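Following this line, the structures themselves.
Look at the two complexes coming up: subunit A is in both, with subunit B in one and subunit C in the other.
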Partner chain A sequence: MKFNSAWAGFIAVLIAGLVVLFAVPQIVSLFGIVQMTVFVAMAMYALSQGFLWGFGGIMCFGQASFLGLGAYAYAITAINLGDTSWGMLAGVAVPAIFALLLGYFMFYGRISDAYIGVITLTVSVILFQLINSTSGAQYHIGQAELGGFNGIPSVPTLNMPGDVSNVLSPTGIWYVSMALLIIVYALLRLALASRFGRVVVAIRENETRAMLLGYDARLYKLLSFTISAAIAGLAGCIYDNWGGFISPTIFGLAMSAEVIIFVLVGGLGTLIGPILGGVGLQYVMNLAGTQHKVDPNLGLGVVLVAFVLLVPQGVVPVIRDKAMQLFIRRGAKAARIQETSP
Partner chain B sequence: MDLTGLLAFNVLSGIATFVLITLGLGVIYGMMRIINLAHGEFMMLGAYTTVSAVGAGVNIWIAMLVLPPLVVGLVGLVLERALIRFLYGRMMDMMLATWGVSLGLIGISSTIYGNVVRGVTAPLGGFNIGRYGASLYSFVIILVAIACLVGLYALLRLTKFGLILRAAMQNPRMAAALGISPSIVYMATFTLGAALAGLAGGVLAPISGISPNMGAAYIANAFITVLGGGPAIIAGTGIASVIFGAINQIVSFVANPVLGTVSLLVFAVIMIRILPQGITGRFFRNSL
Partner chain C sequence: MSEIVPLLEARNVTMRFGGVTAVDDVSLVLGEVELRCLIGPNGAGKSTFFKTLTGQLNPTEGRIKLRGQDVTGLLPNQIARLGVGIKTQIPNVFNGLTAYENVLVAAQRGRSAAMAKAMVEKTLARLRLEPVARRQVGQLAHGQRQWVEIATVLAQEPDLILLDEPAAGMTHEEVERTAELIKEINRTQALVVVEHDMQFIRMIAQTVTVFNQGKVLMEDHVDAVLADQRVRDVYIGKAAA
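After this line comes the complex of A and B, so read on.
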């Protein structure tokens, strides 16, 4: 692969990520580190939606299903087996398998994009209702009581693999989560640069043409959907490790709407945009959460409508295109705007 | 025997509820190919209209059957003019915008009414099916559902307005060439769909807990029914309501309502693999 501006951007993001990884524990208090971990969870969650929507062209309106399935699978496995390493594995595998099944019926039925949006939304609503109705001691999986609306309290946090007694400190959890975010980002970038990624983007651009060239669009869509669900499940595991508890609100419509807003604000068709959107908006929402005059849903709704009407392509692409224009005007040669690279 | 009678009655009222909660969504989807994600919140506004009107001393029948469609229809009209009309032809943006509207309406009603559950006492009383008690109010729901289906059919089939509506949906350019403004037709359709959602909210207000988040309880069933029904508004909504309403009621009766909804979803997901365009996409294609 030739070295060009896109790869320079990739390297720059990786370096910035590593700086954040090691700098945060040095300069931020312990409470701050715990707060930063939820930002990482939201960034990972936004990344899953950013990949699926921005590159796969698939609009999932119920991404919270996978976040929640990951979080619940982690909690239940970790409570039952003790070792949280198995929890992480289950937290990724369960949503991925669920997405594989659901995606098979959706993509191989060749339903329209709007139907996919509606069905994913419906699935998240129903998962919420299902988990919400599990209060009482009779609803348990192994030793883990599902707890209905109250959720599962005291979810075990990460321990060293194989050594249950060696539980990681909040700083340790920060290192693991942030490192996972960097790794997932890098893997997605590499996947998008590979043949697989190019086919996925080609299908987004023109599904019929990609099919005529011999690519099975259904299979590629199913794979992107599954990968995205696995990443969202990983975000759910980190979310568990931040709060130490999990409740059905994680399946709520607000969670699915939030991640769409993260991507929309950060920028569609980039990977770094959703990450920045996730971190930035989570920060704003934490600030807004301290006031009680206005319901937070109102803010989400207004932001969503405003962005759809006024800046449908998101903040990062707009800034990038403006920067490119300046660059070109100053006489730099042939800075081709690459729509699909962050 | 008593149990069978009760189950049959419950299935019938379940089907009627499905018709009510789906029809507004079905009108907007069938006519305009827009999925209105704010549908549940339109119903919520209808229910709040009933609560407020009953609280202000209005006759309960007027508060349930007359005011909600008027109020919510007006809200739909304003939203269509202020927001929706800019997004025709942009399917995904339209869904996102209506979702934004949905969240906004939840936020506004939480801010005004607070996050508490209210209720309206159901008029009429109960009656007995053998040893079991049942609510007479269920008959009202069944009657209103039938009236809505028949009324909508008559509106679309027998009036000039219906003819214009159908023509503009079938071929907007041709209709425009013949002097009909598609913009006005879209506006009227969206308002009609919103009004029907409002009516559903008003009629169901006495049998549901009314809170800002109540829309979420209905949208899963409504979306599944519209997708299952396919493009024909009345035939699609009717047939899908009969199938899904019956499944939902029977599973709810045997197990619980949540599993009733889950069974619907499983059934619908498997069905879209076989009939991706819904029932009326394959059968009864020329129905309304």
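After this line comes the complex of A and C, so read on.
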């Protein structure tokens, strides 16, 4: 019963995603489509954090490291090789390999949860400082000048794989980005329903018990961490395609903090929650950015405090529980009617 | 003829925490399908000794062998894969998951999906947990959570099962069921049971090992142990006084 309703929810989300995928280019202006692409990038980014934190139980305070590594790896590879397909590949692989190495030392070194937060935060600060100090023509990787604080301008946007002259329109980029979001969401859902996913969640619940049942918690945490970094890297690639520009602020503390808020507001322990949290809050922040009275980050802080105090579970779990209650009450009522009727 | 290799052989196991010696030169040999009870006052080192057997603690000195294989210093997950299951003193369960999911996580290791599912259903029925199978374990009563933990252990069919105070906090009826279950498990698997409840010990015990201050005080048949004046002094006598 619960199993079926869970899968029904999954199918419903997929259908909703497909509707959005095809409806947006029909009803939204070109400017709107470009805006929607950054929402997708933020949704993908929030999904990476939501999976790691909500299901793996690992609190990464420097998720921007992987977003930024993905964005820079995409830009540098695309500039050097021309074909952006290699950029996408590098944008996923570089953060994943980086996370694999970092995670190996953290998880196999049995670093406690609090220090994982500290280490990941520190790594993001180091990466920011490192990239920030690369101004000058001497700092380049192949033909790509890193540009220090100014970043890399005119990052190539997606082309058809193998055909560099055929560059995708903003609408084409929208289709690719949104389709990737749907695919990643579906893959995560399937992974969580598999025996791998069950063990990941079990380790979140009780690492000692998982170990005593024969599961190597270190390995599972390392894999979750790496998967999460790969998804964040993919978000970085989409981010590049939105702006065609990348700068070290992507490694900034604000980016790491934002994604935590996206997940908290959307709903920790769900996949759709972070997606909606990422889209919704990015939208609010964009709106706030158009007025010049209040700093958007201040607004985001207020939203965070309000949610932690009033809706600590996040939006999606609250709606889900309310719907479930309604469903159960109706079911009970129907059962009563059936009992009393002759 | 080669010598019979015991299932579990702990030799001169010592566990020190700074200046405190929690387990002091303990040796214990357990045969296949044997049932052993460990008793002793609080702080006698029983749970710490268990932790050295499961790999949660690495003994300061001494060796632990499973069927002749040295497992000292292996990780808990490695020892679990060699066929050792433990119900810990404070229930270690997956509180946020249902009873069914708890047992499934245990049962899926090394089994196909269909076999795992069959094992979950069999185990839940065996422990009469079917009525609460879909409920979150964190919301269950203490006794039921202990049953869920025992179910996760049984679902992996380990050759050696360690039960740390399986009857603690249970009603009289639940205690009797636990005793029956232990005897039933013991038909095919070896068990070491730590317990304080003397009535419970009388229900199940054959050989009893008494711990006191980190050492083995004595090891004998249950009747001899419970009649022993030293045991009464360190344990039962004081409790009665």
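Following the convention adopted for this analysis, the second predicted complex is superposed on the first by the 324 of 342 C-alpha atoms of A that agree within 3 Å, B and C clash if a C-alpha of one lies under 4 Å from a C-alpha of the other, contacts with A are read in each partner's own complex, and residues count from 1 in each chain.
What we mean here is this: a contact is a pair of C-beta atoms (placed from the backbone, for glycine too) under 8 Å apart; a residue touches a chain by one contact, two chains touch by 3 or more.
It should be emphasised that the depicted structure is a prediction, and the values quoted were computed from it without experimental measurement.
By the document's definition of touching, of the two partners only subunit B reaches A:D113; subunit C does not. Shared-chain residue A:A257: touches subunit B; no touch with subunit C.
In the superposed model, A:E205 makes contact with subunit C only, not with subunit B.
Contact with subunit B, but none with subunit C, is seen for A:D295 once the two complexes are overlaid on the shared chain. By the touch criterion stated above, A:I227 is placed in contact with neither subunit B nor subunit C. One of subunit B and subunit C touches more residues of subunit A, and that partner is B. In the superposed pair of complexes, A:D216 makes contact with subunit C only, with no contact to subunit B.
By the touch criterion defined above, A:L121 lies against subunit B but remains apart from subunit C after alignment on the C-alpha atoms of chain A.
Contacts of A:M59 after superposition on the shared chain: subunit B is touched, whereas subunit C is not.
Common to the subunit B and subunit C contact sets on subunit A is no residue at all.
Those residues of subunit C that touch subunit A in the shared complex are 54, 56, 75-77, 80-81, 85-86, 88, 92-97, 101, 104-106, 108-109, 113, 134, 149, 152, 156. Contacts from subunit A toward subunit B in the complex involve residues 59, 61, 102, 105-106, 108-111, 113-115, 117-119, 121-123, 125-126, 128-130, 132-133, 253-254, 257, 260, 264, 293-305, 308-309, 312. Against subunit C, in their complex, subunit A makes its touches with residues 2, 195, 198-199, 201-202, 204-206, 208-217. Across the complex, subunit B meets subunit A through its residues 33, 35, 37, 83, 86-87, 91-93, 95-97, 99-108, 110-111, 115, 212, 216-217, 219-220, 223-224, 227, 256, 258, 261-262, 265, 268-270, 272-274, 276.
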